[in-house]
Amino acid sequence: MVPRPHTVRRVWQETHDTFTLELAPAAGDGAAPSSFAPGQFNMLYAFGVGEAAISISGDPARPERLVHTIRAVGATTKALARLRRGDTVGIRGPFGSQWPLGEAAGRDIVIIAGGIGLAPLRPVVYHVLQNRQNYGNVVLLYGARSPGDLLYAKELEQWRGRFDLEVQVAVDRAPATWRGTVGVVTNFIPRARFDPSEAVAMICGPEIMMRFAVQGIEELEMKSESIYISMERNMKCAVGFCGHCQFGPAFICKDGPVFSYESVRALLNIRGI
Amino acid sequence: MTEIALTVGTHSVLERASLDKLFAALSKRGFRLVGPTVRDGAIVYDELKSAADLPVGWTDEQKGGTYRLKSRNDGAVFGYTAGPHSWKKFLHPPAVRLWQADRADGAFEIKEEKPDAQKTAFIGVRSCDLHAIAVQDKVFLNGRYLDPYYQARRENSFIAAINCSQAGGTCFCVSMGTGPKAASGFDLALTEIREQERHYFVAEVGTELGAEILAELPHREVEGHEKAAADETVAKTAQAMGRQMDTTNIKELLYQNYEHPRWDQVAGRCLTCANCTMVCPTCFCTTVEDVTDLKGEHAERWQKWDSCFTRDFSYIHGGSIRATPKTRYRQWMTHKLATWIDQFGTSGCVGCGRCITWCPVGIDITEEVRAIREAPQSPKGSPTGDKHGNT
Amino acid sequence: METLERILAAHPFFSGMEERYIQLLVGCASNVRFDAGQYIFRAEEEANLFYLIRQGKVALEAFGPERGPIVILTLEQGDVLGWSWLIPPHRYKFDARVVEFTRAIALDGTCLRKKSEENHDLGYEFMKRFSQLMARALQATRLQLLNVYELNP
């Protein structure tokens, strides 16, 4: 219930409004770093300002490097954006459900990310690449607004150079100097190399984008119970007590954020739920 | 007086005059006494010094949007129904400091608040509210996470229930299966009996602690006619409910009617004032406030009651998920009566009627359910009765 | 060496099309290649051809004097470039600039329009395929228009 102080080890600016913090438990905090599963999130506390729910975007095999990618949009995230190396931040977590990496064993994986939605999916990529033999074809389809809004550009390039991972990146708009794809990320779905009858899809991005991605996947006659999405709602307590993150009968904080599409499909069509 | 073995489930008689002794026995054991008392034109729950603080000779009149205190001349101690307060005021207080933090040299240290060890006796808890406490127990104690503050308050509480001797104009506990007789969750349960010459309580023992306390008071074994009088009191109350709600398949009913036109109609009246959530004994939602001192060196985190009727409640960057009164009222009522069942295995409504009484425009949850049930939404739109598509 | 007929039949745009129609079309088709930087067509030019892209990348652009070229969409292997040949007044609306070396099959619109008028079954097959293509393009454009990655678009 109480945040554990963590020290900022490194800060990277990812895009004009998005940055990444690498944290480690503060000196004097004897406890070991918390391990986490891909898809889970922490509550990050900026001293005196407030808490924000931020997905964990680092390597699950290296929990001692706690990595969060944050978009500075509200009072708390803007305060977090002002943190520098050596500063302290409070952490509660990890909370929530995880991407179905067990269920995906032996099967193809199609990862579809939009905007900052790549952050909670990056641990999946790390895990899959470290355990590559356990999975079939793996495809990462990533969409962003413009080339300048792409997260983890260097890593994307490295991943694209691999023979065991298909990476496709699309932006909505680009200057003529951009040599990559312009268009919507869903255009990649019909031509990506995965077997729809066998694959597991993991999708995270703005709700509208996830809806289109699911439509694209279902056109390939993929089973909807093999599709997973990560949801976002207002969060205060992260443990199901405060009521804020309710989404129909579900609490995003403890039943989610990762849901099978099948379990939330009906709710996604109700406005203002 | 005959000595009887007081065990869970036994009934005894406690004279009206012994009520003070119950207070004294609880005080002696270190319990803070909390119960109904008259204040500001209503019967509220507050700290009591003695049985004299109870609303002796008072009753209330309740209907949609109306609460009126009236005197009665029979000296009844518990002759009224649920007021604006519920026990969550004490078990799940409106504002709680969770922790404090102090900053020095760029780092900070957090001091967790200790759970409250104050022992509290709740006197005059009605069956609807016993169920409400059980509902909040499920929220805070029975899930994957446990609220240690709530747990401490619950473990340090003594509950003296009162079986209702009358029903209020907005009561519907019978429909919800939550009353009017206290069935469990109490240490002692009293039924107040006023006969021509006598005024006494039939006391049922709910726990060993209840038995111990009762054993310290003048009491005797209940006689058949006294037990019958107690049963009849509760039975009469059950017959006099001010409201009814048909709960048959209510979860499915509401799940199938998210787009019912009734939500627009009720939203046209609803002021989104949040009164219903404040008076509701099961509503548990909170927000947190982070504050600092002027120097910015000392920070605190407070947990405060919140309401799904505020726009900010569902705010995520970019806007509110429930931006309209319609979606907020629908969230509240659907949560209370439907999604609660999926979340906690029980209804979130105990039929106390507070939300009806304290709604400034008299919105009535039983009426809203009835309206939806009488004209459920057709999955393919409402029939217009016009074969030519002219309407 | 693949025959033009087999290349046509293998392109996703023609998937499922009866062989007799493909044979009819071969006469309207030719193999083409473009180097990076080349323009396949420019806005306002007469639209007599469309392209089945086999390899490479082409950017569909608009040009604003004060903004320079603005990329609307890129097209790659399996995509179809151009439908202005189908719709009067048969003029291209955008520039098609080659981003990466591109190989394609060019189909002559005048030839196809003539064959379609003669053989409405063939014309219907074409309309079915192009209407799907156009609907998908419209949907994708709507999604782009929604600017979903912006918080307050």
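In order of appearance the chains are A, B and C, and numbering begins at 1 in each one.
Simple rule for what comes next: a residue touches a chain if its C-beta (ideal position, glycine included) is under 8 Å from a C-beta of that chain, and two chains touch if they have at least 3 such contacts.
Bear in mind the structure is a predicted one, so any value in this text is a computation, not a measurement.
A.B. asks: Find the chain most remote from chain A, comparing centres computed as mean CA coordinates.
C.D. replies: Of all the other chains, the one whose centre lies farthest from chain A is B.
A.B. asks: Kindly work out which chain lies most centrally, taking the average of its C-alpha atoms as its position.
C.D. replies: A
A.B. asks: Taking each chain's centre as its mean C-alpha position, how far apart are chain A and chain C in Å?
C.D. replies: Those two chain centres are 35 Å apart.
A.B. asks: How many Å are there between the centre of chain A and the centre of chain B, using C-alpha atoms for each centre?
C.D. replies: Those two chain centres are 40 Å apart.
A.B. asks: So, what's the distance in Å between the C-alpha centres of chain C and chain B?
C.D. replies: The separation of the two C-alpha centroids amounts to 67 Å.
A.B. asks: Specify, in ascending order, the residues of chain A that touch 2 or more different other chains.
C.D. replies: Answer for chain A, listing residues that touch two or more other chains: 73.
A.B. asks: For chain B, write out the residues touching at least two other chains, lowest number first.
C.D. replies: Only 317 qualify.
A.B. asks: Note the residues in chain C that touch 2 or more other chains, in rising order.
C.D. replies: 151
A.B. asks: Spell out the part of chain C that touches chain A in their complex, as residue ranges.
C.D. replies: Contact set of chain C toward chain A: 57, 59, 61, 68-74, 76-78, 97, 99-100, 139-140, 143-144, 146-151.
A.B. asks: Using the touch definition from the top, list the residues of chain A that touch chain B in their complex.
C.D. replies: 1-3, 5, 7, 26, 45, 47-51, 71, 73-74, 86-88, 90, 232-234, 236-237, 239-244, 246, 248-249, 251, 254, 270-273
A.B. asks: Give every residue of chain B touching chain A within the complex, in rising order.
C.D. replies: That would be residues 98-99, 101, 103, 106-110, 112, 139-140, 143-145, 147-148, 258-259, 284-288, 290-292, 296, 299, 303, 306, 308, 313-317, 321-324, 326-327, 330-331, 335, 338-339, 342-343 of chain B.
A.B. asks: In their complex, what parts of chain A are in touch with chain C?
C.D. replies: Residue positions touching the partner: 73, 114-115, 143-145, 149, 172-176, 178-184, 186-187, 191, 205-206, 208-209, 212.
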